[in-house]
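The following pair of complexes shares a single chain, chain A, combined with chain B in the former and chain C in the latter.
And then the complex of A and B:
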């Protein structure tokens, strides 16, 4: 007997799911641009397939990043994913033992215990093939069931799983999650009831079958067994049918996304086909909600998980798109590593009417300034914090650097604020002008005081033959080359990592090394990758002053906890934001270096040597 | 038996209210955190609109003060607690008094111009505030000691820390426009050949004779009024301040080198008073000032019976308005004290 009508809900659901997935994925992949498709073509036959498969195993089954987040959360996800995967894998092998190696219809391994009642083996007889499988299958089922118990428990005590807030479910999600939670208890029930009168269960199903047999009448057992097989098949079927529109769509999508990423397919400045895959790879786990500082300003509705939800609906909601500091804390913790910042900016590009010809007034001539090595760019924010540029100029003069102050007068924006605002074309028109100025200068190093400009020049400009440095990097280089004599002030300082320099550009080491030369650096609770945004970010377009103050004050609370003499940062915007919110003196790293500089005997250094 | 009123703050509002309440027969303690009476007016050379001396106004107010008013100097009030129909008023040094009513005549603090770093206060030598300029006038030595020469060009920046969401203050401080006009004229009288520019958003000449003073500034003294906000200031090698402003009437960007830049600092609520307000659970306004029960008919009353306020404690006011407000508070307190007998 290899068929019974109760398998139909499962079978239809599975066919439906496979068809929908096939249609959806082939459409997305077909819509990927030509260069992306070529990358996929090469990638499939390259060595990239191995690390990609390894990542799929580590992330989709073991949930390594979830484990890092919280052990309980990691175990819960692993028990679901790895457990179910093993049930399918082992079930298939087991079914072949009974079918003599034939390929079986897909429902056969799933409902094997209905079709096959092997009474020959005892529950703990591990040395025979059927006994081994029977034990393993029950063990894996128990493993999955612990995951379900944890998931239920997470509803009541999410904090035990390291989460203060969890994601609000959509209606499809509720259907899917109810079915998902019922699948394995239904399987347990069906297998146990069958074992109670046919025998042939493992240690779990057999014992449970015995318990049920001792408390329930015989005829009742037989009828409910058949009903529970129906129930098991139905919840599987409904789960498969709801899956493509529920959060569980992330299961197949994440696998595809990981392979595509390894092949080099990227999301761009606009929402493209890869973005469609990325936004569906979001499991709505909600790990991003707690780390998002929009909560501090009572704007949970725009945290990444809800932003992606609004993005999937394809109707732009500017208030959601714009309420984001672009600080990158979410991307740091996202277990699926979705490019959340790129998606946010890309969706802003959709919200905006693109303009590109409004910078025609920019001067056409390019100042000629041969004979210099370093170009210094203070940036708009540097100009709004004159103490920073004043300190930089003082230091460069003391170190005898042959420099030119690129934006001393009539500066042009680096373009990053426009890019963050989703005004891509406009950004490119200012970038073009700056690129001409930089190349015409003959300088080999471009030093910026503002991390926003630094990230922009470094990543978007593609300046050939010009090294872009943030002033923390450059000042450290000057100090290490012996061009600056610095005193150890002995002051206790905390260092605030600006988002654009830290998470945005991974510059953590240099500012700390530099600071240790002039002060006593005290660690703070949330630093480096976990640093908080100051609240002044140019990334947000919707917050009012008071909401920004709330974010600033929450960040200051963490930073000033060690009660330092000075709060040091390396971004003029962070400095300006913090400055108005605390009694503790806030300084840019360049200001402290300028103060601790020994001026009397600046050594003549070879600027050529400095350049490389 | 006479009732006891604690007047917190001996600026012009506190002095005026104390004098009147005392004359009405109440027992008054006037509490001042500094060692002298008079508050901000001590540091003001001349007052708008009639250019009288600040000292002269204070003398007038002191004349009305009776010796029976008990004045406590150097007492910074840290807590005011209602206790069985009275108030326990405590100072930082441990001094305590009981009062049947409290009048908050706590005034304002000047906006700290360091907070607008882009204007260069504390960074460039030739950037000062309106309060610094009054001190210079009081010293009577002119600008030469500071600049090392006769000034040729001076700029005034209106609305520094007022009507500025980025500074956290969206309200108008009311007195700065007319003060800038007055100070510009004073400068012109000191140095007739100097060019004076006032950079403003709106000119709010709402008071009696303000408009006349503004006209005089333009017609008699040739002071230039340019509508536009300062975007940034920088320093040139000679120590001059280079300012960039957009002239929004001409629609053109302007770049000027000035010998002195004067920032018209606005009024902000003293942090200690805001904290006290919050501790007492009184109504809040986002800007930190005290909030009267009714802005028209109960402008000196709080929700807490016996707890009154007057002067700039409830928001920016001119001297005239402050004194009127103080007298009205005195009347309200008198009525309250008679009712509780």
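And then the complex of A and C:
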């Protein structure tokens, strides 16, 4: 007997799912631009396939990043994913044992215990092939069931799983999750009831069958067994049919996304076909909700999980798109590593792309200044904090740097604020002007005081032959080369990582190394990748001043907890934001260096002293 | 227009009275709905004083806000397109207005109204 009518709901659901997935994915991949398709073509036959497969195993099955987030959360996800995967894999091999190695119809391994009742093996007989499989299949089923118990428990005590807030589910997701949670208990019930009168169960199903047989009448057992097989098939079928429109679409999409990412396909500044894949790879786990600092200022529904939900609906909602600091804390913790910031900016492009901008008023002549090595750019924010700018000029004069102050009388914006608004064309016309000025200067190094400008010059400008440095990097280089003589002040300081310099550009080491030369650096609770945003970010377009102040105060609370002498940052915008919120003196790293700097002693004097 | 000789040195100057009742207030209400900061502005002009674009051209957020409020929209769309969104005005604004959003909303409304 290899067929029964009850397998149809499962079988139809599976066929439907596979068809929908095939149509959806082939459309998305067909819409990827030519260079992207070429990358996929090369990638499929390159060595990239191995690390990509390893990542699929680590993330989609083991859920490594979830484990990092919280052990219980990691185990819950792993038991579902790895457990189900193993059930399918082992079930397939087990079914081959009984069918003599033939390939079976897809429903056969799933409902194997209905078709085959092998009474010869005992539940704990591990040394024979059927016995081994029977034990493993029950063990894996138990593994998945623990995941379901944990998932139910998470509904009551999500804090135990490291989550204060969880995602609000859409109605479609509720259908899918109910079916998913029913699948494995239904399997257990069906297999146990069958084992109760046919025998041939594993340690779990057999013992549960015995218990059921002792309390329920015989004729009842046989009829309910058949009904529960129907139920098992139906929940599987409904789950498969709802899957492409529910949160569980992330299961196939994440796999495809990981491969495409390894092949070098990227999301761009506008919504493209890869963004369509990325926005569906979101599992709505809600890990991004708690880390979002908007929570301190408002009851927000623009955290990434909800933002992606609105993005999938294809109707731009500017309020949701704009309500984000672009600090990047969500992207840091996202277990799927979706490019959340790129998607956010790309969706703003949909909102704002029709807005024209005119920059024809920018000066046509480009100042020519040969014979300099370093071009210094204070940036718009640098001009709002003159102390930073003055400190930098003082240091560069003391170190005998041949520099020119690029924006001494007013800067042209670097274009990043426009890019954050998704206005790429406008940003490019501003960038073009700055690019001309930088190239005409003949400088080899461009030093900027503002991390926002730094990220922009570094990533978007493509300045060939010009090295872009943030002043923390440049000052460290000067100090290490012996051009600056720094005194250890002995002051205890905390360092605030600006979003654009830290998570945005991965510059964590240099500012800390530099600070240790001039002060005693005290660690704070949330730093480096987990650093808090000051609340002043130019990324947000919707918050008012008072909400920003709440975010600032929450960040200051963490930063000033060690009660330092100074709060040091390396972003003029962070400095300006923090300045009004605390009694502790807020300084830029350049100011502290300028204060603790000695003029280098002339080398000739040393030589004379040695001669005597 | 007649030349000055035929005007005998006298002419009637065009009407310079601003009639608020006839001006277009719809833009102001639409902008204020999207960014309430429009109504908090006290026209102190700090934004215009610190402006990056004003370094290079005749551009003033203060004037734009006043014109939007008064409904004097002639040539305003083009004027408002000069902003680089750098955010200096937002940091210096004593009323804490989200000026970057304000100017974006002004851009958006003026452009959608085809003014």
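Criterion: the second predicted complex is superposed on the first by the 591 of 612 C-alpha atoms of A that agree within 3 Å, B and C clash if a C-alpha of one lies under 4 Å from a C-alpha of the other, contacts with A are read in each partner's own complex, and residues count from 1 in each chain.
The rule is short, and it goes like this: a residue touches a chain if its C-beta (ideal position, glycine included) is under 8 Å from a C-beta of that chain, and two chains touch if they have at least 3 such contacts.
This structure is a prediction, so every number in the text was calculated from the model and none was measured.
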{"item": "Fit or clash - chain C, chain B, common chain A", "value": "clash"}
{"item": "Contacts of A:277 with chain B and chain C, given as first, second, both or neither", "value": "neither"}
{"item": "Contacts of A:361 with chain B and chain C, given as first, second, both or neither", "value": "second"}
{"item": "Residue contacts with chain A in the superposition, chain B compared against chain C", "value": "C"}
{"item": "Partner chain in contact with A:417 - chain B first, chain C second, else both or neither", "value": "second"}
{"item": "Chain B versus chain C as contact partner of A:204, first or second or both or neither", "value": "neither"}
{"item": "Touched partner set for A:352, first chain B, second chain C, both or neither", "value": "second"}
{"item": "First, second, both or neither for A:545, with chain B first and chain C second", "value": "both"}
{"item": "Chain B versus chain C as contact partner of A:384, first or second or both or neither", "value": "both"}
{"item": "Touching partner for A:576 - first (chain B), second (chain C), both, neither", "value": "both"}
{"item": "Overlapping segment of chain C (options 27-35, 45-53, 81-89 or 99-107) - the one that collides with chain B in the superposed model", "value": "45-53"}
{"item": "Chain B/chain C common contact set on chain A", "value": "383-384, 544-546, 576"}
{"item": "Residues of chain B touching chain A in the complex", "value": "114-115, 117-118, 120, 123-124, 165-168, 232-235, 286"}
{"item": "Touch list for chain A against partner chain C, complex", "value": "322, 352, 354-359, 361-363, 380-381, 383-384, 409-413, 415, 417-418, 421, 423, 430, 536, 538, 541-546, 548, 573, 576-577"}
{"item": "Chain A contact footprint on chain C (complex, rising order)", "value": "36-37, 50, 52-53, 55-57, 59, 78, 81-88, 91-93, 95-98, 100-101, 104, 107-108, 111"}
{"item": "Contact footprint of chain B on chain A as seen in their complex", "value": "383-387, 390, 544-546, 549, 576, 579-580"}
